[in-house]
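You will see two complexes here that share chain A, one where it goes with chain B and one where it goes with chain C.
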Partner chain A sequence: MTMSSTLNIQNLTVSLRSGLPLLRQVNLTLEPGEVRALVGESGAGKSMIGKAVLGTLPPATRVTRGQIFLRGQALDHLNAAQRRHCVAQSAALIPQDPLTALNPVRRIAPQITDPLTRIHGWSAERAQTRALELLDRVEIRDPARVMRSYPHELSGGMRQRILIAAAFAPSPPLIVADEPTTALDVTVQKQILKLIRELQKEVGTAVLFVTHDMGVVAKISQKVSVLFQGRVMEDSTTEAIFSNPTHPYTRALIAATPSYADPARSFSPVPPELIAQMKSKIAQEEIL
Partner chain B sequence: MFLRTVLSRLLTTLVTLFGVAVVVFVLVRVAPGNPIAMMLPPGASEDDIAQLTALYGFDKSLVEQFFIWIGGVVQGDFGTSITLRQPVADLVLSRLPATLELSFFALLIAVAIGGVAAVIGARRRGSPTEAAVDLTSGAVLSIPDFLWGLLFVLLFGVLWPVLSISGRLDPRLEFDFLTNFVAIEGLLRGRFDVAGSAFSHMLMPALSLALPLAALIAQLLKQNLKEVLIQDYTTLPRVRGFSETQVILRDAMRNAALPTLTLVGVQFTFLIGGTVIVERLFAYGGLGNMAIDAVINRDLPLIQGIVLLFAALFVAINLLVDLSYTLLNPRLRHG
Partner chain C sequence: MADVSLQTTPRVRSGRRNLRLWLPLAWITTLGLAALFAPLIAPHDPLYQDLFLERLPPFFMSGTEPGYWLGTDSLGRDVLSRVIYGTRIALCVSLIAATATCLVGSTLGLLAGYFGGWWDRVISRLIEIWMAFPPVLFAVLLVAVMGTGLTSVIVAIALIDWTRFARVIRAETMVQAQMDYVDSAQIGGARRLTTLVSEILPNVLPSIVALLMLEMGIAVIVEAILSFVNLSLSSDVATWGSMIAEGRNAIHFAWWVLLFPLIALFLTVLSFSQLGEGLKQRFDPVLQ
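Now for the complex of A and B:
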């Protein structure tokens, strides 16, 4: 861990008010320009990490332990307004569902340029130019017309591309991509992934990529954190995870990925014995 | 498509107004009380009664009377007031501005108070502040407009007489009005003493009418804001650095205003209905006050004229609400 890390999470524990932990002592670092995938089943806490960083945890949850450093700045030392400012300057979000993430009664233009002019202090012209440039970059035809449109006039794929453009517009050091392709159909998924990867390289942004799809992990990330019940089971490079997974759960997740080459082996579920074993191990550690 | 909507809307409006005309015409005639008897001194001869009855056409059949009246209405002739002996159209139009100014001033107050309370409640949702907003609006809502009026008269007219409790304007003011919109005309022509006097005369009746509506707006808008604030599209601006208040005003308000608007439109027509009693209470020279006089005096043509005008007003307000709904909601604009 160095102060130059874009994101550094130490011992982060997030719990429900009832005390049930959703994240258990999560450690994670993200170096500048690096892509780290967070994988795991539904409910493993992968989205929760992104929410803890961005400060959008649900009201019923709270951080009970640990610290988050965003570009060396400890977030828990800041008051609400400072934290909001710090996150806005350093991070952006590509949301999961493009159909609900845009305000239905506002045109696209202000939804991209508002943060640039009002939070980052850009001039209106600069924000407008940047927005058009990025819309063009995410392969939207006739960006000027799209800027004047309302969300309901655009397809899901287009809306996700707009959201990607909006996230990259201020060239943030960190982007949290919260399952950005799950709500899209398969043909669009590929283009979206390709765009995120390309823009990430061009802008030099570090990306925390939340997904449950090992196929996506292989395509986009350099590092992987495998989560189970709010705990990091394995933290390694993507290469190592696929060539030599050390944890049986990681092996099971890889095996559960559909494969065109070997259809017979596709969709083999994670063995229930393994899950039961891991649960009891976590429960034991909780007591100790 | 748009033209068809407008046409069908106009047609329903005409049918509605015709229905209102029939109902009010029949109602005022089956209700007890004879306008002719009100006009004549006690002990008038049979002959006098018959003459006067014929003069006003009350000797003809109900159907005949109706068609004579409605025939005039179509040409803009609403008949002549029995007590005031002036054309009903002139009387009613001279009083309409007073009621419009009062109602819209009340609406403005209601939206301002209710809106601010809703934003504060939504901003501090889950805190004692929200509970206080709920409690206050609940209490305010449970008191009807005329009771607020009486309370205000007692407080600011009797105990601590700071506001004028009757009329529209200080009679000592000298000003040549071009219209009967005294407050607006005073403002537009730069006579702020006139406008000030008009607004201070309107303040108590307007507040009486506004408070229940304000409480309703506070409750409804707050609820709608809270529902919008858990939507996905309010997360993004928060992450991007906008404060909760900014998110409420810039991102949530228009979405939350849409469902609120429909109900406020309906409630505003109730508010206008409330002017009848509240205007009486403050001796405010509007339509409502005139309506009560007309009913007391059995001035049938005048009652009919006023009721028709109120009906037209309600229809117009509903139309306005629908239009602004379309304007606020881009998803309805093409279709």
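Now for the complex of A and C:
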């Protein structure tokens, strides 16, 4: 139901100013504590969904149709300030690129505690304690020292941990994780994924997990939305997607995931005929 | 435990970079002291005319009079004392005019670069129109309309040169506005103006400081030019520009009247621009 869902997106269409749609009538729901993966190739509109929810769509794009309900609140009924406040109270972002997501000229501490004191009304001490606790939780060795550091003094993996700590610090009902492991090397990726999963369970946060990696999908999510050219091709449980994918594109995506056992043979790209066929189908529907 | 350790960057600063900061600073401090204590330091009254002592050469030439270290001008006024008193006007103009220019230009640049849309359209058109005016003619016209005097010079500099700040700061703000940390601040519930002031401004501050220093040098030159064409202050106040203008007539047989204020002017402008670069490097935690 709408009222109990953490996030409910109905018929969301986002277009460029030129009219080209980036998202086409997307529907999805996210129940409290649930992890939903958004998968698809680059340009499929995975990140756009997160940006539309959080209100950070690029200036050249706009929502042309549909509605977003965040914990039952219709976001398009709010003015800019109310909307920002509502999003800040209920949601947080784990961004893709840890190198640009922290302000280079500000120390770490205020970058974690600012939203806590500003939006959630915590005292400075409480925010500080919570930040240290979370930094410790994401296995940062000397949290007090890291809090006083500037971002350039820390490695990419550490910065990503800090961003995860910052996102989870207010225990928000919703976190959008926008390919949080793509910018990291494989060994760090695994640790980061583990951390997100553990914290998600502890805090009980619902996560919208954007990724193009079917391996990650299998590890972290309960539900999956498969996107192609801004359209949801398949929406199902993770179990069903892997055991019984109904859409040929989903089958092709799973087949395109290399296996460690037999890397040379297992890699098969999505067939171009299938892509051409799906594109023409979308184009036809657009005309009608 | 985390396998990534905290790296501390050693503050390596080459001797040359230090010189770039300290040499200009030394010269400007000297000027500041000279301006402040001019009545104590100057050996003579800068306005006192003694026609028996006209065009005395400086101390290292023959035919000098003791006490007139840098010689006298065509009216027998002491060149050294006039150069010392001239620093008052030069520093006063450079400080006030450059700060005013900086405030106007940077504010408009920040607003245009971050808010975009109508803000950017209006401010950008204004910059383009402004820059189509020939600056020297504009300055002469402004001073002619407002009347000669220090205030007119300062207002003229600010009104003409704000575009220098606005253009550069607008471009830098636009680059910063696209960084992920700006989105993160928005998702964290920061108001737009707060984001601009506390997230973006610190990142463009090194450029503002460098431009401010450059502008101080330019202000000294503009004041000298306006003095040169007799549009700055009445001739009973010693300024470097008016000294250069007067010395021009006697350059073949009393070159010192022109040379010493010119050296002071040259060193001051050079110092300000070097100080700007030095401070920019010092300010920026990433460049350190």
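As a convention for this text, the second predicted complex is superposed on the first by the 284 of 288 C-alpha atoms of A that agree within 3 Å, B and C clash if a C-alpha of one lies under 4 Å from a C-alpha of the other, contacts with A are read in each partner's own complex, and residues count from 1 in each chain.
Here is the rule we use: a contact is a pair of C-beta atoms (placed from the backbone, for glycine too) under 8 Å apart; a residue touches a chain by one contact, two chains touch by 3 or more.
From a predicted model like this one, the values you see are computed outputs, not experimental measurements.
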item: Clash or fit, chain B versus chain C on superposed chain A; value: clash
item: First (chain B), second (chain C), both or neither touched by A:Q89; value: both
item: Touching partner for A:L102 - first (chain B), second (chain C), both, neither; value: both
item: First (chain B), second (chain C), both or neither touched by A:E133; value: neither
item: Touching partner for A:L154 - first (chain B), second (chain C), both, neither; value: second
item: Touched partner set for A:D76, first chain B, second chain C, both or neither; value: neither
item: Touching partner for A:E285 - first (chain B), second (chain C), both, neither; value: neither
item: Partner chain(s) touched by A:E239 [first = chain B, second = chain C, both, neither]; value: neither
item: Chain B versus chain C as contact partner of A:E198, first or second or both or neither; value: neither
item: More chain A residues in contact [chain B versus chain C]; value: C
item: Superposition clash, chain B versus chain C, among 24-32, 42-50 or 168-176; value: 24-32
item: Shared chain A surface residues [contacts with chain B and with chain C]; value: 54-56, 59, 81, 84-85, 87-89, 91-93, 95, 97, 100-106, 111, 114-115, 118-119, 150, 152
item: Chain C contact footprint on chain A (complex, rising order); value: 54-56, 59, 81, 84-85, 87-89, 91-93, 95-97, 100-106, 111, 114-115, 118-119, 139-142, 145-146, 149-150, 152-155, 157-158, 161, 187-188
item: Residues on chain B engaged by chain A in the complex (per definition of touch); value: 126, 231-243, 250-251, 254-255, 258, 328-331
item: In the complex, chain C residues that touch chain A; value: 1-9, 116, 179-181, 183-191, 199, 202-203, 205, 284-286
item: Chain B-facing residues of chain A, complex; value: 54-56, 59, 81, 84-85, 87-89, 91-93, 95, 97, 100-106, 111, 114-115, 118-119, 150, 152, 163
